[in-house]
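Below is a structure I'd like to ask you about.
Read from first to last, the chains carry the letters A, B, C and D; within each, the first residue is number 1.
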Amino acid sequence: MALSKELFDAILNGDAKRAHAATETALAEGAEPMQLIADSMVPAMDEVGKLFEAEEYFVPELLLAGRAMKSAMELIKPLLVASGQKMAVRVIIGTVKGDLHDIGKNIVASMLEGSGFEVIDLGADVSPEAFVAAVKERQPHIVCMSALLTVTMPAMKTTIDALSKAGVRTQVKVLLGGAPVTSQYAKEIGADGYSENANGAVGLVKSLLAVA
Amino acid sequence: MALSKELFDAILNGDAKRAHAATETALAEGAEPMQLIADSMVPAMDEVGKLFEAEEYFVPELLLAGRAMKSAMELIKPLLVASGQKMAVRVIIGTVKGDLHDIGKNIVASMLEGSGFEVIDLGADVSPEAFVAAVKERQPHIVCMSALLTVTMPAMKTTIDALSKAGVRTQVKVLLGGAPVTSQYAKEIGADGYSENANGAVGLVKSLLAVA
Amino acid sequence: MMITETVLKYSTLAIQRPDDLLYGVSPLPLACGLGLTIGAGQVFPEVNFTLPAMNIESGTWPVVVAHYDEMASQILRRAVSLGVHGIVLEFELLPPMTDHPVWGAEITAVLKRHLATAHEKYHLPCALRVTPTDIRDQQKPPLMRTGEPWRQLKQSLELCAKAGADILSIESIGGKEVHDQALMYGDFSGIVFALGVLAPRDMSWLWAQIGQICAAHPGVVSGGDSACGFANTAMQLAHQKMLPEVLAAVVRAMSAVRSLSAFEQGAVGPSKDCAYEGPILKAITGRPIAMEGKSASCAHFSPVGNIAAAMCDLWSNESVQNVRLLSGNAPEAYTELLAYDCRLMNTAACAPGGALQLRNWMVASDEWLSPQAAVLSPDAIIRIAAAIVATDTPYHRVIAAGQAAVQVLKDGVAEQKLHLSRKELQWLARIDEALERFPAEEDALLVDLEAQYGSLYDKASYGL
Amino acid sequence: MMITETVLKYSTLAIQRPDDLLYGVSPLPLACGLGLTIGAGQVFPEVNFTLPAMNIESGTWPVVVAHYDEMASQILRRAVSLGVHGIVLEFELLPPMTDHPVWGAEITAVLKRHLATAHEKYHLPCALRVTPTDIRDQQKPPLMRTGEPWRQLKQSLELCAKAGADILSIESIGGKEVHDQALMYGDFSGIVFALGVLAPRDMSWLWAQIGQICAAHPGVVSGGDSACGFANTAMQLAHQKMLPEVLAAVVRAMSAVRSLSAFEQGAVGPSKDCAYEGPILKAITGRPIAMEGKSASCAHFSPVGNIAAAMCDLWSNESVQNVRLLSGNAPEAYTELLAYDCRLMNTAACAPGGALQLRNWMVASDEWLSPQAAVLSPDAIIRIAAAIVATDTPYHRVIAAGQAAVQVLKDGVAEQKLHLSRKELQWLARIDEALERFPAEEDALLVDLEAQYGSLYDKASYGL
């Protein structure tokens, strides 16, 4: 429990080195990997989320915490895979074709990662074909796409249509983000949800998966 | 020719009494009704239109001229009908269901009348059924409808759909007007044209009919 | 002589000197809503918002409510974020919401909830103005005091008052059935008859009713009316070059007489945003007014973008649809605009003489560029207001207001400040002459106009 | 020591006293376009407009052109109707229009035709600013000086110059690949490296190229850049509570160093509307600037709605889509807003001391309500500008600008004018400390940051 508190604090304060060390020590002392996640890491990230909600933390604190969590996970992940335990939900994310504005997308990706999801970032200017290929290959639960320009918004529809045509649309939830997008537009083009900001995006992913 | 000048001037100056008297005199002196229209009345209204275009005339001058022309036509119409000659193009006009704002519609109606069209004004808040009935009964060439409220715009589509369903859509040209309407909206709902102001509406009717 | 139903309460000016006619300050400030006092030194935004193009019917009702919910939340979010010192939301019912009074009341309650929350959470002083649609023009000639539309309208006013309206307003249309026709033909007899006889009679009757509804609902105040259907129609037609600007300017001045009737029946302001005749009302009654100008470019263009702000107590955007812009939704974007305009005015007002200085620049920037602006300068306002209170019936007042406005324009031309085209000058002379030729009493005018306009209006609706 | 590619032209201020930093007046006015002189006493609207949501491709190209045609005609109709004394239209190319340089040039020609007609018919002084998209970020790490995107961008600049642009601008993105990441992590080392080393190097190179293109096309002037991708990104993230306001404020001040590079390479203004760092550029160079504030509520919200106008020479709306409002299309509505704002400023400027008075109210209305406004007051601007010209490399200048901005904020807090939350105060202290700890020369920083940022940028693209 003492060690678990050390890991908790390290993540809360965004200290990646300390988080890594604390995890190493805990594992060496025989801590169960799953237990470490449940007792220290998830509560730490929950606390980070609460501080962000309360406007006590800004994005930098959030991202640093995520980075600390990730450095702990680097040690834990191989153990989980070895023991056949299932990893968290997988999310594919990218900005749509023609749109190079990726700062919002990057924040969402980091925040999702910080919340314990496995995030596959396809980057910016991602073609419908690339989205389809990634869905087929990586079998994600969620596809997030964003557009910052109104003129690239139509590419969201094209991408959703391509997922349908490839027969993989029903396997995933599709979420949209970006300033010009509206929930009505999301509905019109057949997406499953929309968030107007990065913060909402994480909540949306959680609510769609009914992950507490 | 002298008398024709008198009628021309009377219309140009919007003097209904004088126009009526001039027409009476001309007819008594044996003028051909059609000739009177072609030589005096149409040129007068053309001149009025030009003055309006040049911002020399405002709507009041235009409407008074139209009223003068109408008072002359009161004498001429029965003679034309008796001799089997064809009247001008027929236009049905009204504001759509739910929309009580008729001042713009009234101006368009008067301007069309002034331009020599036969105008049947259905008034304000006209239901799709009433438009259909009027088209069936009066066999107009043109149907003009206007909406001033964005919330009544959808009634334009309902009306066009009703005309189609009743099988009379192809017999008429449908024109839209009103501040919130756009040419794109007109296209989307299958209208034949749109004008953003009363002045444009007359030009639109003329161009659609290829009436000079 | 005919019995006039109208009460004439005002015979002097509450504000006598043009320099005392300032934005943010009224001799009789109004406390209303949740901790808001209007006209006590500061200008507040009044935000007005409406639906995008959509059907309003039972099936779409949840979407309608969601729109209003979203708009209120976004507007107040912006207002709080920009730290406005107070705000009024105006809910202008759309016709189907007045036809179905419970619908209008439902939206009223939704909006009031948002305001109550903002007041609780952020101590935001605020109020809700609710403006049912005047739906009494559904038949020709319209019935003003009887029939189903009036019953629905009355019920709408009552239910909205009950549901949380703080201020009741209406843009009433009594006399418009004659005015529309007269305006199109530039017929001054019909215009004066509509604005000086019919409209004040309907206003007096209607606003007495509204006064009773407010009396029955403690905390709800009787706000004021707008000559929108008269003077703003003229402004828009002038904007489209359909009518002369001078005609629109004179109609504006004359329209104040009918709008004043609301105050004579107990309205306490703020008068409606689109009532550009507001400064005349403020000079006469000392009550606060709402105005709109460049801030209402979402709703209509106007030649009075800055001068309209010069004497306002609330600064409004008239109406903006819930459509998306790059920044967010348009109602939120226009809230930001209003908030910054108010901030600037209130900042200037903190300096000694600052409000007067900024007001004078607002006035000077528009005054002589359009006849419609020229009749809105503080000087012109006081001249027109003084002419109104110096006479004894609405009919005489309308003529006096028209003559005062004509004189303002003629003086501007004579002093070579106002430059008019030949056509506008001809019309100004025509209007001047027409105003000279009116019979001494309205009875004679009524008889004169019977043939031309008698069929357009219902005499009983005006107590005639 | 590493060879710096940048030229440092300015070592003194063109405007030394805060009270000489006024809207409408620049020490070096700019004559450009069709009879327009900017910065010679009046503020003019700069209207910026864009497409609604739609695909841009060969099939939709006629619709695209029709939109621009409609927007230009409606904007100019309004401008003429309101009698503006001059106007600038800005055409910001969308990425596909820069990818296909002939497309951007085609729209440029369409817009210029509209301006030429308005100039001929109504003697409207006017100019066309054309701003191709900086599309060089299409691969990771981006190639700035080679590759297809740069060739397209260069061709776009050339073809637009040929097609009728009067002013060339760009919102360049050199260094953004590092800045984005550093900003998100609040890492001041990375921010200073991006703004003080990478961005000025790219700016110097790029604006030398633009200078050559302008030299080859007589009459086309080299306008200026915007730190949009840096400082406005920070502003937007602060607006969404993602980043501290104090961080955004300091980034704003520091971003002026890179934007100044354009002027060091021969740009003559007006700098870009969304470059809120503009007043710093004006103080240093004496060149006119475009600004935007409440007028840009269609494009983004901001805490600097009024203060942004205080020192502008052009007053802009940033960007508005061709969507329908109740009044007409949004570009026309925002033109009206800009025209009235300019009218008010120009009217005040006619009175002795009027511009200074109105400017002071604009400043006072926003200054202490947000750290981002606090660094934009004329006092703060002169302090930051003076700190910049007192040092000798972009790297040192960025640190000096940051320190000056921090000092402005600390003074505001000490004098109890600026009220910051505990979190904001912590961040301000953190930034203050970080700015103390930088190595003396940029070479050392480059080495320090290699591990963290080295993979994000291409050294050759910065002459490193």
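In this text, a residue touches a chain if its C-beta (ideal position, glycine included) is under 8 Å from a C-beta of that chain, and two chains touch if they have at least 3 such contacts.
None of the values given here were measured: they were computed from a predicted structure.
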(request) Tell me which chain's centre, taken as the mean of its C-alpha atoms, is farthest from subunit C. (result) A
(message) Between A-C and A-D, which chain pair shares more contacting C-beta pairs?
(response) A-D
(request) Starting from the mean Cα coordinates of subunit B and subunit D, work out the distance between those two points in Å. (result) 53
(message) So the centre of each chain is just the mean of its C-alpha atoms; given that, what is the distance between subunit A and subunit D in Å?
(response) 34
(message) Please tell me the distance, in whole Å, between the geometric centres of subunit C and subunit D computed from their C-alpha atoms.
(response) 40
(message) I need the residues of subunit B touching at least two other chains; which ones are they?
(response) 150, 180
(request) Pull out every residue in subunit C that's touching 2 or more other chains. (result) 50, 321, 324, 326-328
(message) Chain contact topology under the given definition, line, ring, star, complete or other?
(response) other
(message) Let me make sure I understand the interfaces: which chain pairs count as touching?
(response) A-C, A-D, B-C, B-D, C-D
(message) Taking the touch rule as given, give the residues of subunit A at its contact with subunit C in the complex, in rising order.
(response) 150, 179-180, 182
(message) Taking the touch rule as given, give the residues of subunit C at its contact with subunit D in the complex, in rising order.
(response) 50, 78, 81-83, 293-301, 303, 305-306, 319-321, 323-328, 330, 332-334, 336-337, 339-341, 343-344, 346-348, 351, 354, 357-358, 361-362, 364-366, 369
(message) With touch defined as at the start, can you tell me which subunit D residues reach subunit B in the complex?
(response) 324, 326-328
(message) Taking the touch rule as given, give the residues of subunit B at its contact with subunit C in the complex, in rising order.
(response) 55-56, 58-61, 63-64, 98, 100, 102-103, 106-107, 110, 123, 125, 149-151, 153-154, 180, 185, 197-199
(message) Under the stated contact criterion, what part of subunit C meets subunit B in this complex?
(response) 50-56, 94-96, 135, 137-138, 140, 180-181, 183-187, 233, 237, 240-244, 321, 421, 423, 427
